[in-house]
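Structure first, commentary second.
Chain lettering (A, B, C and D) follows the sequence in which the chains are written, and residue indices restart at 1 in each chain.
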Amino acid sequence: MLKNIKTYFPIFEKYPDLAYLDSAATTQRPKSVNEAINQFNSFENANIHRGVYDLSNSATKKFEQAREKVARYIGSSNPKTIAFTSGTTHSINIIAYSFLKSTLNKGDNIVITLLDHHANFIPWQMIAQEKGAELRVVPINKKGDLDITSLGKMLDEKTKILSLNHISNSLGTVNDIHEIIDLGHKKNIPVMIDAAQSVAYYDLDILTFNYDFLAFSGHKMFAPFGTGVLYVAEKWIKSITPYNYGGGIIKNVSAEETTFSDYPFNIEAGTPNISGVMGLSSAIDFINTFDKAEMRQHISDVTHYCIEQLSTINDVKIIGTPEKRSGIVSFVVKDIHPHDVASFLNQDNIAVRAGMHCTQPLLMYLETPATVRVSFSIYNDRQEVDRLKASLVALIKFWT
Amino acid sequence: MDVTKEEIQALYKAHILPENKHPYHFEAKEGTSVSFDAYNPMCGDKFHLYLNVVNDVFDTVHFDGIGCAISKASTSMLLKKIEGMSKIDAKAICEKFINNLTNDHQVDEFNDELNTLIALKHFDGRIDCIKLAWEALLNYLLVKDLEG
Amino acid sequence: MLKNIKTYFPIFEKYPDLAYLDSAATTQRPKSVNEAINQFNSFENANIHRGVYDLSNSATKKFEQAREKVARYIGSSNPKTIAFTSGTTHSINIIAYSFLKSTLNKGDNIVITLLDHHANFIPWQMIAQEKGAELRVVPINKKGDLDITSLGKMLDEKTKILSLNHISNSLGTVNDIHEIIDLGHKKNIPVMIDAAQSVAYYDLDILTFNYDFLAFSGHKMFAPFGTGVLYVAEKWIKSITPYNYGGGIIKNVSAEETTFSDYPFNIEAGTPNISGVMGLSSAIDFINTFDKAEMRQHISDVTHYCIEQLSTINDVKIIGTPEKRSGIVSFVVKDIHPHDVASFLNQDNIAVRAGMHCTQPLLMYLETPATVRVSFSIYNDRQEVDRLKASLVALIKFWT
Amino acid sequence: MDVTKEEIQALYKAHILPENKHPYHFEAKEGTSVSFDAYNPMCGDKFHLYLNVVNDVFDTVHFDGIGCAISKASTSMLLKKIEGMSKIDAKAICEKFINNLTNDHQVDEFNDELNTLIALKHFDGRIDCIKLAWEALLNYLLVKDLEG
């Protein structure tokens, strides 16, 4: 199935020599997704919900079918557990502000981890500060794995939520969310999973994992920018208050008072990104044509080959050696700043990211001001790793 | 659209318009044992149902309010159907009816005017009008009634 | 210029007989906009800001150029007055929550109007309730025009913001925002304009109008769903705090504290809708190929022809006869509910909206549970009005 | 990319790498009359500038911190340039330099190593690195200095 996979992606038609090693920032888009968006914009465009003409009905139906499809994708039998948002960041903020904040009190605590992205760090920090609650940050060990013992100790009867990413976008660590969610649930703590980096390749079956909240972005799973998902377990649905206020979330308005619809509709104020959701729906179809285990196997092969090859370069140091790793590898090159590395790789048509990857607390802890990050998806291959290695070797030679 | 304009018009003419013009027990009846709104905030349709329950049976049933011809006719047909019926049977009917409406294929036939409403589900975008009162009643039976 | 205008819009290629009279809900998309999105998704896709490779640089540049283009579009010389949001609703919520709320006190008041959309109603109502402030709703006269005298009286030294739409999406009233903004400024009150219904066809030059905040949506100006704009006048920029929290808005994060970038970047947490913004940029190019006065003239001609024709039908009553009207007409048909009207018009391939148009307080005041709304854009013509009339006449005959 | 790989490499080799390896006055100098950060949160580059001002003239200038070769070389060249210069002249230089960087066409020539930096503006995505310290100084002169 993954043979000729590059041909699905128009970008490689235009740039056959592009080694796109930045899929953790955003994946490329397959032709089928772009066509679904274009099809909708060209021939099916209408606003949803309040129209009774054919185009609007059909858009409304497809929008709600997309909700069902997303629900099925994570194993939820109830589409009303799914809200469409603009991305992971938006989804997490909704849980912080429209779920947790009103019940958070002085002396309570929130548990996150040092591996978390700013999107799963700052919202909690802000409400903790506002309410006089404590933000507890689970440490990592030298390899870059979460210290599960500490995590267990940090959870107590004052813990109001445990929120963490499935996969670290900086180090590539795959957290054992199964075990961690159980730890939380044993103490009756709701658990939120930031699945931004895993949703495209990992099974997130709700029946297996039993998370309370799940957040992810379309653009990291072959879908367009501006789309995101929030899953809320049935038992919490009644606890979600509106986030933005506007049209489409209203039961009744008068000058004195307003009453609101239930989740997920109370979260989707204003006109949603309808065409984006059509793209997201198409991206799920795209993913479903593959076997997830095969996808992971392919990515894992390229990733481990990359680690092997980078390890042969003296001046390269890989940051983090987690037990279980996704397709993400961070490294530094002796005496050459990551920014310079990335710029020179770009000269050889190799696209990588340099910086802090929105994980400043983690990099501060690692005493690494920045890293070079390569991240692989299904369209990458070993040959690109060879080019990466050659380019790094040449750069180091040039520099010294 | 799965139904032609002519078919829709025929259904309206034969069943919806008459029911809309002469809805069943269309009047306010204060003081009934049960009363609640059937309200669709999207379009503004709002009916008030006045149901008198005696020994778990819907004894007398009335409604008033404002809505489109379909939602009014559907509410009227609902009331005719449940009058004299036990809560348990009414719940089963509501579930069957809504199930029929929302499934792509008709699951189970009704042998009366309710079939007209089911047929209109293909009149796209009007399902919410058809099921408005049915969902409100079901919601009452499933949620409010149990809460006491 | 407006001859053959339908050929720019693929939807009319597919449905040559479609009378699309629902542009106030969303406009149709021209081919050039769809192609710009597709071009980006296919051949230019990358995340912005933190990448140093060519695709990412070029995406970042285009994103910032789009900001400049939007600024120019409303006559602002400073692109940093422009934030990208997901739509009008989001933009207004930002001003309510990230500007006004922290300085709103008990006894203060907020002034809006009865013509406003829920998006410009409920956010203010919510913060007013929370803070014990008063929400003052400017009434309208019988014609559906704002009562300017009342408005003037409602503004006082306790008024913390005046927010209103330029054009009513229900009645089509064009408010004299020039005069109204002056009234606000005379009392030192910041004024927010909801330009959702006007931004495509009206000049909103900041130098002419001098509004403090401006909000609009892409999808009502030929651009894709999921895009919106917030303009904040330079003097208020420092008063805007972050809205969502996440990546891209951070100066510094540690476990203890976070410091944020300035507006507009503090508003754009997480990955923005980059491809959507490319579409918005292209939509502005599209609009700029026309003369706005000519657009308005065309729409006005069709609209007044529509009013003329509807007036000849006995059972039709037009709701609202404002002094200045945009391309929006609301009406009711005697004894036939708007929903039924819309459904039957749909049978004749005429797409209109029925309902409360997210203006429930207005319709309650008018004692009209719902209306049929037709709304025109540049691609509509008199012939479609003739069809509307014929269809209504036939429906009334059928019904009685 | 408007410059070839070879041109970039030549510029690096000739000007950036030496300056990066031997930056000017690269050391912490506590107790200067003026000191502030030049920080880019996107990539983590962070330099601290220690400037001693005597009679409105930058008398001694030092810096330390972490950043890429370009931002370090650029900061180093900035300090060399403004040492001994009045605040007013330094402000003019910063403005001219940033203007040069951000305009598509080179507006005004520098007749020294600063031209190397300007040339690198075509090395896409690195403009922020080049102007980091310049903007921080300008910000200091325009904002903080006036506030007192």
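What we mean here is this: contacts are C-beta pairs under 8 Å (C-beta built on N, C-alpha and C of every residue); 3 or more make two chains touch, one makes a residue touch a chain.
Just so we're clear, the structure is a prediction, and the values are computed from it rather than from any experiment.
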Contact-richer chain pair [A-D vs A-B]: A-D
Most remote chain, CA-based centroid, reference being chain C: D
Length of the line joining the C-alpha centres of chain B and chain C, rounded to whole Å: 36
Euclidean distance of C-alpha centroids - chain C vs chain D, Å: 44
Junction residues of chain A, two or more chains touched: 50-54, 56, 250, 252, 339, 343, 354-355, 360
Touching two or more other chains - residues of chain D: 1, 41-43, 125-126
Residue ranges of chain C touching chain D (in the complex, touch as defined): 49-54, 56-58, 60, 250-252, 261
Interface residues, chain B side, partner chain C - complex: 1, 5, 8-9, 12-13, 17, 41-46, 66-72, 123, 125-126, 129
Residues of chain C touching chain A in the complex: 10-11, 14, 18, 20, 22, 25-26, 28-29, 31, 33-34, 37-38, 41-43, 45-47, 50-56, 86-90, 92-93, 96, 117-119, 121-123, 125-126, 135, 137, 217, 219, 224-227, 244-248, 250, 252-255, 258, 269-276, 339, 342-343, 345-346, 350-355, 357-358, 360-361, 364
Residue numbers on chain D that touch chain C, as the complex places them: 1, 39, 41-43, 124-126
Of chain A, residues touching chain D in the complex: 336-340, 343, 347-348, 354-356, 360, 363, 369-370, 398-399
